[in-house]
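Next come two complexes, and both contain subunit A; in the first it sits with subunit B, in the second with subunit C.
Up next, the complex of A and B:
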């Protein structure tokens, strides 16, 4: 028991729980100031997402997108590439999936499969541009990927308006994707599940994407920690000079890390197209791509932490939706609360109570992206093995 | 002589249960130069961090100037006139020397920094203690020796009476070391007390009045330096006899393994750093490169291992020119490399020991199994290596950064030696590590040489080059100035003349021995 209380996982949990608690506490104080009915407003924020089945559905749907985006960022951050082009990869992935679903004359199953494939490939290829620029011209990937986001978004709007837009529709969007070409519900059609299944289909659109996401988490975990590719990627992330000295082709690892991450951004694109919107519509990513960064940071860049972080973050977002709709507190304020929680969680040093020693944080199963002074570490280490 | 610092029964147990100091008693007298020696991981750094307030002791008492004190942070230590110069300097590179000296305690005039006074103060301090610096120079532009003086001045500006110098000579050239020693003597003459942490027993003999030896978190003893020999000190440090002189089995030189022909290298600014360097490496022989640091040794090694692109030449291994091939290609030819700077190239500090041990082999069988990396095998193999190379660690899953310098170097050595190299290029293989690890690595070098490996040894430690090498080449300003086919028969003085470019052999003289 004692060793459990001292274990790193438990401490990390405690730390995040405490950060969350304080963040929410501060949020409540703010709500006190701005709301006529603070208790109910805050209740709708905290419990709202669970209050109705359709809200639970909304929460889970958004979380799935967030988890995929978190995985995307998790991969590139493990390689210490400060790449933030997920938004662009996601929107083009969505476009690819949408075009296949709308126009390719194939029966449902192969068409959906092709939509997945197209989105994943497009996501990866879009990542190739900044990756090549970084690897061969040392162009800062932060800048190029940010620029390419804008290009991707505008490209999407252009294609949408000029080639896809449904004339009769009032909004800038394509026609709806045929029901049989969308993703089905995640609950299998078994006799004893029949009623639940009907209920969920009626009220939510949580799809088989659930399973895709679970698989994606496992794949990313194995990819990063159990394959030679993941090894290369992480060594490049920890110390590029060491990687080069050891014979790793650093350029290739950088390019591959960004491309592979694009596959998961592409999947996020599939999800928003074939599960959430069921059509291509203007502004369909709504800046979600950047939330992936928050998820990855919350999860300390550990793929196994990403689903938890994604669900948590998704919950905060869903709660903010409910709060906005059912109280006098504005959505912007909820963003403030969200930001505060994130700030507290990421600021490890802010909570001395559960602060763990640097050396302990270095455990091999948890590589965060902090750049620690090598000498300092060495000295820490010296005392370790004294 | 009255004690200025007394540390009594200091115990330091880290949160994770590691006992770094175990009942250490440490006394420093006023006005002395006190050397603190011990292997890496012996607990010296921890003890000094406690004295400087960076770490808090689990048990024990610290008495400064007769008064019992508790330091919550280094600010408390500074208040008690204790100053510390860390091994890696903590200066603002874009500021001037003077600004760095007064940083955090700038003299003010009308609430603003009094720039003239800043320069004056620095000049005064510099003159008073014979620590020559140029107050208005930007730190970025001055050399390591000067930066160290700035660090010392920083502590003096904060009125330090007791100076802790953490391995101050590790980064210095022999000339700079002598300057530092001169400065230390001046400090002591003016009433300061100096605690000097080091591995180098020669320096202990040269500079210190008394010496305290630590081993495995305990204090072994404090003695007057003049009463002990280097061998006795080494013995106290490792608790057994250390042979500073290496006994080597007779050399059996065999076939040529690497032919280096007319290698040149230009620096980024176009300055020639290597000028048509040629020599051969043979199986069963250690070829040592002797030279004052900065004469092209670093570049030579980096070109040979593919880390830098040459400006011409050839390197023939197994009938193939491998010059300017990728590090991977060169490694696949069987060339192993112990890098000069272990923290930069040699290890990935946050990666586990295991993962550091496989960087040259993870991508091929048996480690690569299908698309997966066989971590079970990695675990088994690294356990073997940890045992075989006596790497001091609870297990291989810990980050390599948790190891002491000597053990970290052993990880590198374990990796490079276990690849069964065709040629080994060892650059500064024992720099900055403790006596025990040094001895171990030197023995290993000799062992694989006797087994038939071809070794190129580059070291700033002339004693190391002379005692390990079978053949020695001197390098001066990127050119080979001499070759000595029988390393045992050449004197230090003679080598020195070639290393400093005072004497040269003609190409004809050298030809048949290269």
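Up next, the complex of A and C:
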């Protein structure tokens, strides 16, 4: 037990929990200032998503998108590629999935499969431009990927308005995708689950994407930690030069990290098209582009932490929607809280309570072992300098 | 409208004036970002600082009725956000890139949050009456036919933006502190041994980037338009960062890169009158950025290769000379 309390994982957990606590506390203070009825506003924010079945559904749906985006960023950040072209990959993936589901004359099952495939391929290919520029010419992937996000969004709007848009509908959107071509509910059709299944279908649209997301988490974990590809990718992430001298093909690792991540951004696109909106509609991805970064950072770039972080931020986002509808506080509060948490989580020196306690524990350990490892020495050195 | 009108439009004085006007809100954040980048602390929060500056300027001008107070408040707000970034990076050891993104998130969420509280609207601030900075008509020059239309009659900020290029150049290359700042960016350890306070220097560099980015934001909300809109910077902060790369981290180069983007933007505005789908036309500035970055990166790589070859050749030559001798 004692060793568990001192483990790195637990320390991380404590740090993140504290950051969240401070972030939410700050949110409450802001609410106190701006709301007529701060207690109820904050209550609807914190408890709202659980208050009704359809809200639980909203929360889970939102979280599935966020988890996929988190996985996307997790892959590129593990390779230390500051690539944030997720939004572009997602919107084009959504477009590909939507076009296949709307127009390709195939029976439901193969059509849905093709939609998945198309979105994954398009997501990966859209990453190719910044990936090649970065790998071969060292062009800043951050800027190129951001610019390509805007280009992808404009491309989507262009295709939507000129080729897909349903003339009769008032909003800029396609026709609804046929019921049989959407994703089914995630609860299997078993006799004893029948009633629950009916209830969930009626009130929510949580789909089989749940299983796809679970599989995706496992695949990314396996990919990063159990395959040569993942090893190379992480080595490049830790030290590119070292990796090159170690015989790793850095260019290939960089390109592959961005393209493989695009597959998962494409999946997120499938989810927003075939499960959430059930059609292609203007501004489908609004505000989701950077969420992946929040989640990957909260999960310390560990794919197994991504679902937890995704569910958490999905919960906060769903809660902020409930709060906006039932009180005078607008949902943008959640961005301020998220930003605060992001700052606190990455602040290595902050949250000293945790650090000193751990340091004390380690000190006593060291005395017992009579040796210090290099990292502790370095940390001590840093604290002396400070 | 025909292509001919568009082409005629491009060669008119109004078009050149519009390039100047559109370049202004890119030059500001680019100059700020340049100072921070040269000091070794690339500021990724330029976009957010622009939004905060734009918002604060509009609100303070609406409630105090003083344009100068508004500009001052906008600058202070921008500097505060930049310093928040600095405190988290330099003192609490946050990753600068992530902290910058967090600052952006805070800025875009926070401005809309406050906008809703103050005006009851989430889209823009049109319900409050905010002010705009005066336009400057330069005496004598304004009467010269073609040149006058190009150079005269712009908002104060536009002249300030181009003047700031000169200021940043002088600051970085002709002042003691600027030299320290570059030293800190080149090699912080060496600078420390010379007694330069790295943390303080970088903090000041970030604050300066905050001033410029806030001015860029206010140029949007108090000159370009006379109100604040949600996400007003609309990617200009990021384009500014692209301009820093493209301009090889030199003030004049960065200014020229900014003007290139202004030019692409102005072209896309002109083409908007043609029968081309607007979404495709709107891609032009962003596509230009990507292409320009790619071309620049390819050139850099080739220059590096050539240097390497030259060095190798010299090395082999000198070895051969030794052998003979």
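Keep in mind that, in the parts below, the second predicted complex is superposed on the first by the 353 of 386 C-alpha atoms of A that agree within 3 Å, B and C clash if a C-alpha of one lies under 4 Å from a C-alpha of the other, contacts with A are read in each partner's own complex, and residues count from 1 in each chain.
Everything below uses one rule, namely that a residue touches a chain if its C-beta (ideal position, glycine included) is under 8 Å from a C-beta of that chain, and two chains touch if they have at least 3 such contacts.
Please read these numbers as outputs of a predicted model, since none were measured by experiment.
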### Query
Is A:231 in contact with subunit B, with subunit C, with both, or with neither (first, second, both, neither)?
first
### Query
Where does A:179 make contact in the superposed view: on subunit B (first), on subunit C (second), on both, or on neither?
neither
### Message
Just to be sure I read the superposition right, which of the two partners does A:162 touch: subunit B = first, subunit C = second, or both, or neither?
### Response
second
### Query
Looking at the overlay, what does A:246 touch: subunit B (first), subunit C (second), both, or neither?
first
### Message
In the overlaid three-chain picture, which partner chain does A:202 touch, first (subunit B) or second (subunit C), both, or neither?
### Response
neither
### Message
Applying the document's definition of touch, where does A:154 land relative to subunit B and subunit C: first, second, both, or neither?
### Response
second
### Task
Classify the contacts of A:333 with the two partner chains as first (subunit B alone), second (subunit C alone), both, or neither.
second
### Common ground on subunit A, meaning residues reached by subunit C in one complex and by subunit B in the other
none
### Query
In their complex, what parts of subunit C are in touch with subunit A?
44, 88, 91-95, 97-99, 101-106, 108-110, 112-113, 116-117, 122, 235, 238-239, 241-242, 245, 277, 279-280, 282-283, 286-287, 289-290, 293-294, 296-298, 300-301
### Query
For subunit B, which residues are in contact with subunit A within the complex?
12, 14-16, 18-21, 40-43, 45-46, 49, 55, 87-88, 216-217, 305, 307, 326-328, 330-332, 337, 339, 343-352, 354-355, 358-360, 362-363, 367-368, 371-373, 375, 392-393, 397-399, 401-405, 407-408
### Task
Enumerate the contact residues on subunit A facing subunit C in the complex.
34, 82, 129, 133, 136-140, 142-144, 146-148, 150-151, 154-155, 157-158, 161-162, 290, 293-294, 297, 330, 332-336, 338-340, 342-343, 346-350
### Task
Spell out the part of subunit A that touches subunit B in their complex, as residue ranges.
222, 226-232, 234-235, 238-239, 241-249, 356-357, 359-360, 362-364, 367, 372-375, 377-386
